[in-house]
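Note that the chains take the letters A, B, C and D in the order they are written out, and that residue 1 is the start of every chain.
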Amino acid sequence: MSTDYQAIINRIKDEVKPLLTQGKVATYIPALARINPYRFGMAVYTINGELFTCGDAQEYFSIQSISKVFTLARVMDRLGDALWDRVGREASGNPFNSLVQLEYENGKPRNPFINAGALVITDCFIQEEQNAMSKLRDFVRACAANPNIDFDEEVAASEKLTGHRNAALANFLKSYGNLINEVEEVLDVYFHQCSLSMSCADLSRAFLFLANAGTDPLTCAAVCGPRQAKRINALMQTCGLYDEGGEFAYRVGLPGKSGVGGGIVAVMPGELTVAVWSPALNQAGNSLAGMKALELFTTYTARSIF
Amino acid sequence: MSTDYQAIINRIKDEVKPLLTQGKVATYIPALARINPYRFGMAVYTINGELFTCGDAQEYFSIQSISKVFTLARVMDRLGDALWDRVGREASGNPFNSLVQLEYENGKPRNPFINAGALVITDCFIQEEQNAMSKLRDFVRACAANPNIDFDEEVAASEKLTGHRNAALANFLKSYGNLINEVEEVLDVYFHQCSLSMSCADLSRAFLFLANAGTDPLTCAAVCGPRQAKRINALMQTCGLYDEGGEFAYRVGLPGKSGVGGGIVAVMPGELTVAVWSPALNQAGNSLAGMKALELFTTYTARSIF
Amino acid sequence: MSTDYQAIINRIKDEVKPLLTQGKVATYIPALARINPYRFGMAVYTINGELFTCGDAQEYFSIQSISKVFTLARVMDRLGDALWDRVGREASGNPFNSLVQLEYENGKPRNPFINAGALVITDCFIQEEQNAMSKLRDFVRACAANPNIDFDEEVAASEKLTGHRNAALANFLKSYGNLINEVEEVLDVYFHQCSLSMSCADLSRAFLFLANAGTDPLTCAAVCGPRQAKRINALMQTCGLYDEGGEFAYRVGLPGKSGVGGGIVAVMPGELTVAVWSPALNQAGNSLAGMKALELFTTYTARSIF
Amino acid sequence: MSTDYQAIINRIKDEVKPLLTQGKVATYIPALARINPYRFGMAVYTINGELFTCGDAQEYFSIQSISKVFTLARVMDRLGDALWDRVGREASGNPFNSLVQLEYENGKPRNPFINAGALVITDCFIQEEQNAMSKLRDFVRACAANPNIDFDEEVAASEKLTGHRNAALANFLKSYGNLINEVEEVLDVYFHQCSLSMSCADLSRAFLFLANAGTDPLTCAAVCGPRQAKRINALMQTCGLYDEGGEFAYRVGLPGKSGVGGGIVAVMPGELTVAVWSPALNQAGNSLAGMKALELFTTYTARSIF
């Protein structure tokens, strides 16, 4: 049975329209606060190489926490299981920027996708790669097959200026000996990775290797091994949507990763990836219309991992 | 490609043998503490009706928290979304019997599988069914197609005598108005449901409807709707192994539910169920050899939802 | 310099009048909820045997948590330092009925005045005394030199019926092995001790030994040793007003103990005791007008321990 | 009755000698880690101007958190009650450098003596005073009547280099909007105030105003008002010894303030101050022999506020 993805995402775009006014754009980064909250884009990429898009699917936006998947993929590849001495892999049950758990658990972040864990991953990445920042950009460009992807320096500078909570986390990690590089350097790379500008089309393309056992299905390049791809998907399932991971599993039923820029990417292993963007967020910090769009997507395609 | 499940589980049985001595049998219930820790059984049931067993797969053991899936399935069917006003669906990030989160979140348990949440589900079940205890037994017997399944009154009595922590949870829920029935009654049903004695073969049979979109593939009886089956699987994925849910997702990659009796059941949607029993537990309270057996199972069958 | 205590408490009575309408009577115990919130009484007892009263100072009310001082005095006298293996002596920084800290600290309550700690003290008292309930009543009658003091059975029954939070605490303590007697028995004595009916005059009389190094200044009976009296005062200072202990130290500057019945007793070592009653409570569960009355008392008498 | 303070402190010095080897010198600041752990000094200053000293009472050491009393006294004098919008006055029930409570309570520290609260006080001080650092030094010199008191630049630099935990706290406060000045500036002043080098004799002299209702009894200069002095004493009683405040009240019975340099100062209102120094700390971070010395002091002098 062939699924008409184009018809489905068009229909979804119409149906979520009333939701676009209900969320709130992230305001803590001035450069993000200016975004038009009514934007909506969606892209589906099958492992056979078909791309379906609608709305603002080609528009660049700030991928923010979605970038954590890219650094994790690289670091898992390099460090293997040694990584798990420094970061756990359980859901946190707490907001993404919480320091509480970090204190109770002596500076070992619960998982690589809460901010504390992502800072540790970035620290690992800096250890493993010279010129970490440009290496990361090159990797993302290669995954997305788009050489124009770049950091948004205004967003990065803006985060640096207002990122006291992340500075608190990084200093806290350092006090526990769980940052090797200097706080300033880790934050600099971290703020840059979060500032990467990509479109839904880019993101769906860049995540294809996770739907295809670690290998880019279009170039046949091995991005990571099959076990690692499976494990990154498991980690996204468990911890990819902060403290709304259960809600996402319950309503959508796919591993996914969200960012406060309003993007969410999900993976249907063996079949496809789907990326959605709508900048207005719900109270948990996830795209309000994006959550609904992905819920409708698995309903209309009758596909889920469960 | 046909998979030789029998060969695979036989091989697993051999390979986990050295692990049988490493865990610790639960001692807080005297009736459980007497179990021989070296027992090991495994059963695979495909939705085509093929059953593969090895070791002590026909041996009865105390299913304990695995029973929470049966009450949840019934209550979801009866109450629908109203259920979620009383219990959440996020991973707790805390031990299964923790009261901390319950206090911070004003008496609404994080999910239906931590003890506090399961007590609420049992309370709902009592509200919905007269003679709740026998109704529950009948339901489990029907799912497992085994009329001999029964409560272990010694285990139930033993839990009642020593279950001060659960009594604390139930009273705490009651103080928040989140138990409708009397504390004593809810605890009585709860301790009985946990005392149900079943074998790996029983459990793999009883969970088949969750691998088959809610319908028992052998009797064609609809146990629940397809959306509910998918959602129960999602909930097991998120919260089924207490604070080791991420570990289980990472290593095994299937939705599952464990009990302190040493049983774990997992579901491969559209294909099969697999149940394992080994009474010695790891520090998180899950079967130590059982976790490894299921990890090997998805490795050797190259099957996972991710 | 002789202080005109009568004039001072009369003046205070007038000044706190506007506050009587601002608090809220405790409603979780039906028998308490019926109290007229505008009652106000105050009594000062000097160690020279002078008693000054105003308003409803001879009216009986439910002393509730103030009773914890009586059980503690008895248990400290009997057990000595062994007591501190089972309960700490630090401020909790949490509400009086919190279970959170108890879980983090493995069932050892922070201090004898939070509910969990008081339950342990009552458990010790039962261990030490046969017929604990009547022994406690006799002790309080002797301290207050009033043979008419008694339990209010209606209040005790009412607490039993609605005391799920205390039942949760007692079961939780039991699960940690920090209750020796049966949960039901400890709760029964505890609910009775809290139901004791006394007046401000009674309470100021009964606390005199704490202002006089452990010896009743009027009968010359040694209630406890001088070191113990000093230590009970220190414990009241640290933990006597729940999570408002710092506020009370800052504003009043005397060791004291409050109850949700609206009573507060404070001790000026070497000089006097002062008891106040006004049933309407502030958000922390302490008598709103009572707090102000004691603040004015130390201001107008220019007396404080600091 | 005249008390022979000299004989008492000499006796105490002998009696605590065996304890000097039991604690551990703070090692997180390299400059402190080099201190000889067997040093011991003690000084008593009466409000009549008599000074009694023994051992290393004239030796300079790093006063660390004791400095928080000086900044607080200044800021209370300037800001009055407005201060309490930014910081509470309850015991924290948590370690002095905890971030947990700060997160649960939205960036308002529990009290002015935990590190987070002290950073807020320092921030206030910077707001109120130009050249905050030298103003603070001048104030301390005046209180102690010793123009040679100074910062220890090596200690200050050492704290800056390793003070990631304090940097985390300061950034965390900033993220909640509860620091007005730049993080770097607040930390710089804070690390300097903590580095102040003073002797027991200096400290006992400098705290005299708190034993004399706010007025320096020797110069008759009003350092703060009588109500403020009483309140600072109350705050020290409640929060001056971190999570050992209850222990200190129970064993010593005086308001006091400790520092990780091994100093403790206590106040007997209306009579005297007493300072002790012994660099080896107990597990709570307070001077092990110092705690005992003060306990013996109130025992032998039969003086306490309770």
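Note that in this section a residue touches a chain if its C-beta (ideal position, glycine included) is under 8 Å from a C-beta of that chain, and two chains touch if they have at least 3 such contacts.
Since the model is a prediction, treat every value here as computed from it, not as a measurement.
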item: Chain centre separation (chain B, chain D; CA means) in Å; value: 55
item: Chain B and chain C: spacing of chain centres that average the CA atoms, whole Å; value: 47
item: Between chain A and chain B, centroid-to-centroid distance (C-alpha), Å; value: 32
item: Per-residue overlap in chain B, given as positions that touch at least 2 other chains; value: none
item: Topology of the chain contact graph, where touching chains are joined (line, ring, star, complete, other); value: ring
item: Chain pairs that touch, as defined at the top of this document; value: A-B, A-D, B-C, C-D
item: Partner chain A, residues of chain B touching it in the complex; value: 88-94, 101, 110-111, 229-231, 233-235, 237-239, 243-247, 249-250, 253, 255, 269, 304-306
item: List of chain B residues in touch with chain C within their complex; value: 98-100, 103-104, 164-165, 167-172, 174-175, 183
